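After this come two complexes, each holding subunit A, first together with subunit B and then together with subunit C.
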Partner chain A sequence: MSPSYDELIRSDRVHGSLYTSPEIFADELARIWYSSWVYVGHVSEIANPGDYVRKNIGPQDVIMSRSADGEVHLLLNRCAHRGNLVCEADAGNSSSFRCPYHGWTYRNSGELLGYPFPEGYGGRGKLDLGLGRVPRMAVHQGFVFGSFAPDGISLAEHLGDAAGEIDRLVHLSPEGEIEISAGWLKHRARANWKLLAENETDGYHPQFVHASIFSVAESGIGALYSEKSEAVTRAFGHGHSENDLRPEFRRLGTPLGWFGTTEERMPDYVAAMRGAYGEAAQEILVEGAPHVMIFPNLFIAEIQMFTIQPLAHDLTVQHVTAVQLKGAPEMNRRMLQQCVGSVGPAGLLLADDTEMYERNQVGVAELRPEWLDVRRGAHREYVDERGLTVGGATDETAMRGFWSHYRDVMA
Partner chain B sequence: MLPRIGIVSNEFAAVAVDVDAAANSPRLRLEDRRTGRVRYLDALELETLVWLPEGNLRQLLDPSADRWRDG
Partner chain C sequence: MTALELDIRQIEQFLYREARLADEHRYDDWEALWTDDALYWVPAGSDDADPMTRMSVVHDNRNRIATRVKQFNTGRRHSQTPTSRLRRVVSNVEIIDDAGDDLTVEANFVLVESRERGKEIWAGRYTYRLRMVDGDLKMSYKKVALVDNARVLPTMSFLI
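Right, the complex of A and B next:
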């Protein structure tokens, strides 16, 4: 029997068992990961007909493919015969997939094309089988989402105002598109996935956890997450949230100040942006990239993109890549370098976060006190002109938005 | 023989591709790297492949079409 989520999730605190219980994790798979919209991949990862990549929806292994007609498919990586994995490579190009176990062969759109020695089945074309399919798929600005629920709210309803943050990201490209082409790093964390999701827009931790990278890089980012900062934390509803740093960047008023550089050092990029967007380019270049967590698994951290893959109540894989802007090679080189420096194998940012996740997972299993506190800044929240709840730069507004939505879908 | 063009491979198959100059006109030499089996394709055969309707190619990809047929 499921626990009472209303009991475990209060407005100012959440119960530790939410992070440590295998039963609750099983509930989450059913009610969140296999019921709501989950980010899967980006169309640029399968740019050519025949391209495919292995992706995931939680523990489910998903093949995202592009068939000869250009259509994108989300297929489950499981042979209809004996359930073997059909694709093993992380990426490839093939019009057909052949299971290595008994040679059953599928089109990259999922239809069963044939099987060896067909008389054992009464001849060719006798089996009404194929690869499983994620029932619903929808795309926003090239971001492909899937849902195991055959019916339910549309992706546009799910994203709500958070869609605007994806739009802001793609507008940093003079061609209005991003490309996910830098390759993926995978970091395994012995921690519950929600510790990661909550941390992504927690503006309270950077000055502590990331003090070393801010110091080494002589970065001003730490100051954006302080009590004096005019940046805000915003809950978008449906569990999505952002750290909106634009008030600080607007105050600075310098194009590319958000990226720690200047117009003069990126002349080709700035020229391309002004050519593409005219007067609007100034605002785009000043305000920079979003810092948004799209429930439950997509985190855009300005110049890098994370996906969160839960595998067990205490095991999560973080997939991370550098965002690449179409038509902006000058920016892309720097974004890749910064990504490697912050979240690469020897990166200084994610290693610190992951240390906290794993310590946190051990800590929440302690018996007393039973609760985690999420009240920070509740007394100074307000509702903005879009009807969204906003808190200070270091307030836990995003966490409260996360848990409010979580309680709704788990109840 | 001319230099090897390359190996066309994915996780399902790997085929070495050369242009063979030993015959009276150049022809493509294809070698299945997993079995060593070799096939030559001349220019007209290649042109035929270029014009082969998608459905015909699809039939050939059925594992029971030839390689793993009954009897």
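Right, the complex of A and C next:
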């Protein structure tokens, strides 16, 4: 029997069992991961007909493929005969998938093409079977989302105002598109997935967890997350949130200041942006990239994209890659090298975040006190002109937004 | 004397020393083994993924090696505070190519890491490029091809 989520999630605190209970994790799979919209992949990962790439929705092994007619499909990696995996490679190009066990073959759009020794089934074309399919799929700016719920709110309703942050990211490309082409690091955290999701837009931790790198790299990032910062934390509803750093970047007022570089160092890129967007380019170049967590699993941290894959109540994989901007090779080289330095198992930033997740998982299993406190900044929150709740740069507004939505979908 | 004239035993002694300094977190001594044009590379996805267009676990030029070491030396690099207990075995040392200015050497390694989180076994193949600089043997390149570089990896923020 499920616990009472209204009891476990209060406005100013959440219960430790939410991170440690296998039963709650099973509830989450059913009510979040296999019900709500989940980010799966980007269309640029399967640019050509026949391209496929193995993705996931939580523990589910999902093949994202592009068929000959150009359509994108989200198929489950499971033969309709005896349930074997039909796709072993991480990525490739093929018009069909052939199960190695008994040779059943499927079109890359999921239909069963054939099976060996058809007389055993009364002849060819006698079976009404195919690969399983994620029932709903929708795409925003090339970002492919899937939902195991056959019915429910649209992706546009799910994303709400957070969609605008994806739009801001793609507008950093002079062609208005990002590309996911750099491959992925897969970083294990022996921790509950929510510790990661909450941390992504927690503006309170950087000065402490990342003090070591901020001090030696003479980074300005730490100052963005301080009591003096004019940056804000915003809850978008549906569990999405952001650290909106634009007030600080506007104050700086220089194109590419957000990226720690200057117009002069990226002349081709800036020229391409001004050519593409005219006067609007100035604002795009000053305001920079978003820092947004899309519930439950997509985190865009300026120049890098993370997806969160929960495997058990205490086991999560972070997949991370560098965002690449179509038509911006100059930027892409620098974005990739900066991303590689920051993220993954040896990253100058993410290794320490992950250390915190893992220690947090151990700590939260201690019996007393039972609760985690999420009240920071509640007294100074306000509602902005879009009707969204906003807190200070270091406030826990994003976490409260996360938990409010979580309670709605779990209760 | 150039690196090309060194005896295999002298080369091995250098590799063992480099391994011991990394195992014992002697960061400054380890950093001093590098030439000015250093590259420290741990590929991801495959052993030869192009590091200019693909993600790597580590892709440090000389400047970033220095940053990495400075970060350790703050004492606040949480993923290495406390440090992992490390011991590695370097073996199967082969001189691969002695045609260039630098001597290319490869070796296999197995490394056991112990932390509070648990024990990890790391393994793979090292490729080094070695050069004599003012009478000292130095390293201009170290590539670490992990056997599991296409799989999910735990945190690995020590010097591999």
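Going forward, the second predicted complex is superposed on the first by the 409 of 411 C-alpha atoms of A that agree within 3 Å, B and C clash if a C-alpha of one lies under 4 Å from a C-alpha of the other, contacts with A are read in each partner's own complex, and residues count from 1 in each chain.
The rule is short, and it goes like this: a contact is a pair of C-beta atoms (placed from the backbone, for glycine too) under 8 Å apart; a residue touches a chain by one contact, two chains touch by 3 or more.
Since the structure is predicted, the reported quantities are computational estimates derived from the model, not experimental observations.
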Taking the superposition as given, does A:11 touch the first partner, subunit B, the second, subunit C, both, or neither?
neither
Applying the touch criterion given at the start, work out whether A:217 contacts subunit B, subunit C, both or neither, answering first, second, both or neither.
second
Between subunit B (first) and subunit C (second), which, if any, makes contact with A:254: first, second, both or neither?
neither
Looking at the overlay, does A:262 come into contact with subunit B only (first), subunit C only (second), both, or neither?
neither
Of subunit B and subunit C, which one contacts the greater number of residues in subunit A?
C
If we overlay the two complexes on their shared chain A, which of subunit B and subunit C does A:336 touch? Say first, second, both or neither.
second
A:154 contacts which: subunit B (first), subunit C (second), both, neither?
neither
Go through the superposed model and pick first if A:2 touches only subunit B, second if only subunit C, both, or neither.
neither
Between subunit B (first) and subunit C (second), which, if any, makes contact with A:95: first, second, both or neither?
first
Seen from subunit A, its contact residues with subunit C in the complex are 90, 181-188, 190, 209, 211-213, 215-217, 317, 320-322, 333, 336-337, 339-341, 344-348, 351-352, 354-356, 358
Which bits of subunit C are touching subunit A when the two form their complex?
42, 44-45, 49, 51-60, 64, 67-68, 70-71, 74-79, 117, 150-157, 160
For a test of understanding, state which residues of subunit B touch subunit A in their complex under the given definition.
10-13, 54, 57-58, 61-65, 67-71
Listed in rising order, the residues of subunit A that touch subunit B in the complex are 68, 87-89, 92-98, 103-105, 107, 113-119, 124
